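Quick heads-up: structures coming right below.
Presented sequentially are two complexes of chain A, the first with chain B as partner and the second with chain C.
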Partner chain A sequence: MNRHRTLRKKGEFQMQDAALPVRIDSLDGVTVLVPRGDIDMSRAPSFREHVRRAINAGAPKVVIDLSEVEYMDSSGLATLVEAMRNAKQASVALMLCGLHQKVLAIFEIARLHQFFKIEATVEDAIAAS
Partner chain B sequence: MNQTMGDQPHIRVELLSDPNYLAGVRQLIAGVTQRIGFDEKSCSQVALAVDEALANVIRHGYSRACDRPIWVSVWTVPANDEAGAYLRVVIEDEARQVDTCDLQGRDLDDPKPGGLGLHIIREVMDEVEYTKRSPRGMRLTMTKHAPRADESAPDAPKEG
Partner chain C sequence: MADKVSLINDRDQINAVQDLIVERAEELGFPSATLFALRLAMEEAIVNAFHHGHRDLAPETPITVEYTLSPERIRVAVEDQGPGFTPAAVPDPTLDENLENPGGRGLVLIRAYMSRVRHNDRGNRVEMELTVPEEL
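Our next item is the complex of A and B:
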């Protein structure tokens, strides 16, 4: 399993982040990101990079479809909070959709469910103002 | 299944401080809690709390070094005629010791990235205690009782 690690100094390995598969669609001029799999500490950096690129790419709206994410921890939440702030600064509308009940529960525990614009489906998110 | 919670853990796992192994521990915890009768929501939330605790050790205790030891010990008590099921999880490390008074969740009124893990742990688990190990490292002891049937239906976080 040492392929996941790089030697930082003798006897000490630094973790390497795991890639998160993310499908990128463009619908009606809206960029839709569809990550697939758990978003935890190992995959959050990959997720963050995908979201950062989408926000900086120039589309007026970015939708993150979480329908293929069945688990997210606070690393994923932190990535989304950061993304929402970056989107506001870039005048990009950022919306979430497709949250599984388990994932929505994490938003509620962290009391972040009202911080984000959350819709049920991609179509709803694209249509929402 | 052992009906008591003695000194000997019912399950003890040693893992390296590599985030790639968090998924395996989550599955273990979710499976054990399901087996002793926790509902699906509680299983996933206890697994989340343990995941957050391990991530905190890796991120803060070991400064993301991925080759350091972490021990996860689990005790379970299934429901009986007198009490509901519960489990205890103890997470131990050899990371730098911190003053337990400094381990507070952050204010949630100002949404910002980071600092949510400890809040989630305290929100999900019934009892949370940090202590210093001897001669080094920290120990986190968490206990969770299975919600009674009349508690488990609504999805309302604890106020706190």
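Our next item is the complex of A and C:
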């Protein structure tokens, strides 16, 4: 099994599977994806598949709540950029929320905070137009 | 003297080496922000080495990772066996016209998070250094 360890808040490490756990909620007709854990090269394919299904499922808005993601690298950014392109083609509004400071910093370095619609909370993202 | 390991493109091997280096940095007292930066930069450099450097080589071709750690400084070098590349020729992913391209952000992240980044002339080796910021 493909396993790896991730940085924890307390400086500890925890083994994780390559499949990324993603909770899927539906709030006010909006699909909310809540991935849990690191999004790196080994887990990006799993994440990509969850997002692709959500965008193709027909909801007018999809929110990706990243509040449980404390590490992401360029493979995660690539997955989200691809998702945004797919969402535009499908006329689905894609929004991000709950970004930890370290993850938000990656978006800012890549200037992607200007490309995505990013809100602080799920409620804000659902309410945003 | 630097420690040196060979790695094939196997996720377990890659993670084991990254974890070893991050754990050593943690033992030396580097803060979580530095550990985050270190892991991110190593991941990007190793992925670049296999995906770009070794694109036309046999899948089992190894790369090498060299590392030295001290309380003041972390150095990690990643070298592949490919033909090399010219860093200046890589499109800038932060330009408006490139923002919608999914890939190409690894180098930008490495440069942002490392104190120093150097490529050899051939372009098949990247040397990265993290230093403790001087207190004001």
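FYI, the second predicted complex is superposed on the first by the 112 of 129 C-alpha atoms of A that agree within 3 Å, B and C clash if a C-alpha of one lies under 4 Å from a C-alpha of the other, contacts with A are read in each partner's own complex, and residues count from 1 in each chain.
Just so we're on the same page, a contact is a pair of C-beta atoms (placed from the backbone, for glycine too) under 8 Å apart; a residue touches a chain by one contact, two chains touch by 3 or more.
Keep in mind that what you see is a predicted model, and the values were worked out from it rather than measured.
K.L.:
Which partner does A:123 contact after superposing on A: first (chain B), second (chain C), both, neither?
P.N.:
Touch partners of A:123: none, neither chain B nor chain C.
K.L.:
Where does A:110 make contact in the superposed view: on chain B (first), on chain C (second), on both, or on neither?
P.N.:
So A:110 meets both chain B and chain C here.
K.L.:
Quick check on the superposed pair: does A:25 touch chain B, chain C, both, or neither? Answer first, second, both or neither.
P.N.:
Touch status of A:25: no partner.
K.L.:
Looking at the overlay, does A:41 come into contact with chain B only (first), chain C only (second), both, or neither?
P.N.:
Both partners.
K.L.:
Which residues would you name on chain A as touching chain B in one complex and chain C in the other?
P.N.:
In chain A, residues 4-5, 11, 13, 18, 40-42, 71, 73-75, 77-79, 81-82, 84-85, 102, 106, 109-112, 115 are touched by chain B and also by chain C.
K.L.:
Give the list of chain A residues in touch with chain C in this complex.
P.N.:
2-5, 7, 9, 11, 13, 18, 40-42, 71, 73-75, 77-79, 81-82, 84-85, 102, 106, 109-112, 114-115
K.L.:
Which part of chain C faces chain A closely enough to touch in the complex?
P.N.:
Where chain C meets chain A, its residues are 11-12, 15, 19, 22-23, 26, 32-33, 35-36, 39-40, 43-44, 47, 93-94, 99-103, 105-106, 108-109, 112.
K.L.:
Write out the stretch or stretches of chain B touching chain A in their complex.
P.N.:
Residue positions touching the partner: 18-20, 22-23, 26, 41, 44-45, 48, 51-52, 55, 58-59, 64-67, 108, 111-114, 116-117, 119-120, 123-124, 155, 157.
K.L.:
In their shared complex, at which residues does chain A touch chain B?
P.N.:
Chain A residues touching chain B: 1, 4-5, 8, 11-15, 17-18, 38, 40-42, 71, 73-75, 77-79, 81-82, 84-85, 101-102, 105-106, 108-112, 115.
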